[in-house]
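The data blocks that follow each hold one structure.
Consider the two complexes below, in which chain A is the common component and chain B and chain C are the respective partners.
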Partner chain A sequence: MNLQFIADGLISGSLIGLGAIGITLTYSILRFSNFAHGDFMAWGAYGTLSVVAAIGALVGTTAPIGALSFGWPLILAAIIGMMLTACLALLLDWLLFARLRDRGQSIIVVMASFGASMALRSLLEFIFTSSPTYFSRGIQMAIPIGLGIRVTPDQMVMLATTIILVTGMHLFMQRSQTGREMRAYSQNPALARVVGIDTARVVRATWIIGAALACAAGVMVGILVQIRPLMGLDLLLPMFAAAILGGIGSVPGAVLGGLIIGLSEAAAVQLIGAEWRAAIAFAILMAVLLVRPMGLFGRAER
Partner chain B sequence: MSIPTSPILDVRGLIAGYEPGLSIVKGASIHADEKEIVVILGPNGAGKSSFIKAIAGLVPVTGGQVLLDGQDITYGAAHLRVRQGLAFVPQTENIFPLMTVEENLRVAGGVLPKSEVQGRIDETFTMFPDLARQRKLAAGALSGGQRQMLAVGRALIVHPRVLMLDEPSAGLSPKFVEMVFARLSEIRRAGLTIVLVEQNARAALAIGDRAYVLVEGREAHEGAAATLWDDPVVAELYLGQRRHA
Partner chain C sequence: MIDLLGYAAFFTSSALIFALITLGLNLQWGQTGLFNVGIAGFVAIGAYTSAILTTPEAADRIGGFDWPILAGWLAAALVTAAAAAFTGFATLRLKSDYLAITTFGVAVVVQLVALNAQGLTGGPFGVAFIPRPFASLQDQPALFNFINLGVIAAVTVAVYLALEHLSRSPWGRVLKALREDERAAISLGKSARSYRIQAFAAGGAVMGLAGAVQAHFIGFIAPNGYLPTLTFQVWAMLMVGGSGSNKGAILGSIVVWAIWVGAGAFSAAVVPGDWQARAASLQIVAIGVMLCLILLWRPQGFFGKRRG
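And now, the complex of A and B:
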């Protein structure tokens, strides 16, 4: 049996997991399913692409780093892109979600996120057209790493970056005061106010972190696959499945959920057929909801 | 009753409720002096809980005034009141169950300068040795009495000037009720002002200085805690409910 699907699954799964962190945090802290989250990925990727172009116009072409397909401008642009995506999320919250959240009906906020998602996507198609684009059009040679598995240098760096981001995020949630405040707020918003937590700050932190990680995931998908206005929408269901599978509110859960979804999808492509790929996330989501609605790391008690 | 100095907590004609136009608190006034234990009693549905929550900033206020040490905090955000020295212990769900005992204290220490947090946590553990032994335990696994201690310890970590509690004895066994009230007496002796809403009138009045009876969202009676229970007016206000209290 060809074990290539394990490497493919781990890489796509880690990106799904990275995106799912934002979904799980928005769900547990702001208490709604944000269907526009996938579009933060796409906007992050396009924003980063624009910054790369701007840097290119300023300093000319730069050589790629080592065997990678990209150079330092992309790294710098990705950091700026993360900030821009965070600003987009904050703007959207200020314009739309905060007003609706105050009315207290979560279904209205969910529907608004549907609308926001469509608007964001259409806007991307309007600005950048719907044809796919790339950070780099160069072809990378995959390196054999044993057991018949081959990975490209880009893939290895993306996997390592994801591990660093996820570990950092987990430590942030566990050790920092803001992380503790976010966990406290997700458990009991009224009590959070009683203990002196500035809840507006917690909401802002949630948007900033979720959007920045979505941008990072979007850029990585852009590097490894391609950039399209629909890229976020395509990953939305797998990301939700990962967040629910891992247990809403759990950062490690979202990542583990992402890996399970990614591996299952890759296995399905290899063993059953590529047309079943999308069905797998959905099947896992349904199975989890039936068997363990609180997810792997979720708790029944609130 | 005359007030010798200006009270540390002065609530004047407070009107509050969750829905606009549907007030639960309808012009209630109380005050608490330095180092005083003030008890708020009243029959079920009198609006006691909403009243204390409105003072804490958790129920929208539409009229009246809340003064803390002369400063008007009526419409201030709830989280700012803690910084100003007004701490509140809700009746239920007053801890973060999925966080450890220590994290519960640490998250509340966020309003303090960073360098002081650890000292305050140690201080709380000295005050409540039971909690120190369980510092790494998820707070949700604590017993009812221990939860209440954690909630009080958490409120005290900021060294508030006024500590407000909503029915601290609710759901506790008589042994724990006694323990909680003994602790509150100690805390007051350390210089704190305590405002207490209670159904368990006897236990609360035993440690209280002054008490108010709240009826239909207004204070209907005020008196010394020691004599309040025998006041025929109070019996009438409770409409025969005092046998069950």
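And now, the complex of A and C:
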């Protein structure tokens, strides 16, 4: 058996995990499963693409960095894109989710996220059409790294970026004051309010982090694969499955869940064929729900 | 004139098929509070079940059972109910979000099977030559259209009466009790999980039946008839009509379908050719925004009563 699937699975799994962090945080802190999360990814990717185009129009073409397919404009654009996506999430919360959350029926918020997801996705199709687009159309040579595995320079840098982002997120949640407040709020909102935690700040931080990471994941998918309005929808099920497999509320769990799903998908592509790839996340989801619904690192639900 | 009447019959038939799906969703969401984001998947299960069982032999897929249409419809309802019951069984002891995520997954997997399991579903080309009721009258289009409308209307009325009866029966009262005050209902010895699985399966059966009726109405099914857009449309229909009310579900379906068809015809007439695809996506944006606005301002819908 060709070991290439391990590299492919780790890379796609780390992107799923990055997206799943936002899902798991939204679920554990705002208490609803956000069906629009995948669309934050797509909007982030398209937002970044637009900023890259704007920078290109201002300064002309720039040389790519080393062996990579992109130069500094993409990095700058991705940072701006993350801010824009965070603004989009905050705007959506202000317009829609916050108002419904106040009424206290969490499933209504889920439905609203479903409607918002549909509107956001179709709006992208309206603006950019449904045909795929790319950050760069160049072809990269894959470098052999032993055991018959080949990776492109882009893939290596994306994997490294993901590791940095995830480690940073983990440290942020464990060490920083905001991270501690978020965890406290997710465990017991009433008690968190009693000890003087600013709820609005926690909610804001959750949206900003979730949306920024979704944008980062979307841009990386755009660099490694392609950008399409449906890219978020296609990753939604794997992301949900990763968040539940890892245990709702657990950042390391979401990433580990993402890696497991990425690896299983890559193995399935090799064993049973690429067309069944999307069923793997569902199979894992059902297995987790039937056997261990609290996931790997989760707490039992009441 | 006959053309216009024929079109009216066709339009009403399509709207009533949506009304059937919406009635199924109303049992799941309106009466029981179970969130289903995989409607398209359940409708597809029903459509494919009946199509495979009733079509004549085809070269490249399983088939040739040649069942009567009514038997196909019954099988469609039963198979979809079983799929819904299993979905409910796996998720209904957990928080409601898990059901939502799982139904979303069901729709993804059904779409995948429809596309890729060519030996079962015919793959991307779908299933053709699905027998239509009263096919012997096909050479008289006007009469044929009206007979089809009659069949679909009869099914809709039958399902409507059955659901009305169910919601007033002791079984329906338990569902209502569970929705209004779960703890009180459980303290009276009613198993919340078991009743919810039953309601989810029954709603699934109605959706499967609707899928089968639609398949036999059109005579042809393919995977791209069961995209998430279908799920959105049905949700919009129920929300406009007012969740909890069976009458509202039917009225909402007709209203939203009229808006949808009208908007489609309008954009086809006004929008230049190369912008048509984009205009179609704006139509979906409008439905999504409408769904959110209804949730914000009129959660009881236009025909529903405000819940206590």
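The rule we apply is simple: the second predicted complex is superposed on the first by the 300 of 302 C-alpha atoms of A that agree within 3 Å, B and C clash if a C-alpha of one lies under 4 Å from a C-alpha of the other, contacts with A are read in each partner's own complex, and residues count from 1 in each chain.
In the analysis below, a contact is a pair of C-beta atoms (placed from the backbone, for glycine too) under 8 Å apart; a residue touches a chain by one contact, two chains touch by 3 or more.
The shown structure was predicted, so the numbers you read here are calculated from the model rather than taken from an experiment.
Q: Please indicate which partner A:Arg183 is in contact with in the superposed arrangement: first for chain B, second for chain C, both, or neither.
A: Touch partner of A:Arg183: chain B, not chain C.
Q: Looking at the overlay, what does A:Leu191 touch: chain B (first), chain C (second), both, or neither?
A: So A:Leu191 only meets chain B here.
Q: Scan A:Leu123 for contacts with chain B and chain C and give back first, second, both or neither.
A: second
Q: Return the chain, chain B or chain C, that is in touch with more residues of chain A.
A: C
Q: After superposition on the shared chain, which partner residues are touched by A:Thr199: those of chain B (first), chain C (second), both, or neither?
A: Touch status of A:Thr199: first partner only.
Q: With the two structures laid over each other on chain A, which partner does A:Phe32 touch: chain B (first), chain C (second), both, or neither?
A: Second partner only.
Q: Overlap of the chain B and chain C footprints on chain A, residue-wise?
A: Looking at chain A, the two contact sets intersect at 301.
Q: Touching residues of chain A toward chain C in the complex: what are they?
A: These residues of chain A touch chain C: 27, 32-33, 35, 96, 99-100, 106-108, 110-112, 114-123, 125-126, 129-130, 233, 236-237, 240-241, 244, 275-276, 278-279, 281-282, 285-286, 289-290, 293, 301.
Q: Would you tell me which residues of chain C are touching chain A in their complex?
A: 33, 35, 37, 90-91, 93-98, 100-102, 104-106, 108-109, 112, 115-116, 228, 232, 235, 277-278, 281-282, 284-285, 287-289, 291-292, 295-296, 299
Q: List the residues on chain B that touch chain A in their complex, please.
A: Per the stated touch rule, the residues are 56-58, 77-80, 82-83, 88, 90, 93-99, 103, 106-108, 110-111, 140, 154, 158.
Q: Show which residues of chain A lie in contact with chain B when the two form their complex.
A: So the residues of chain A touching chain B come out as 177, 180-181, 183-184, 187-188, 190-199, 299, 301-302.
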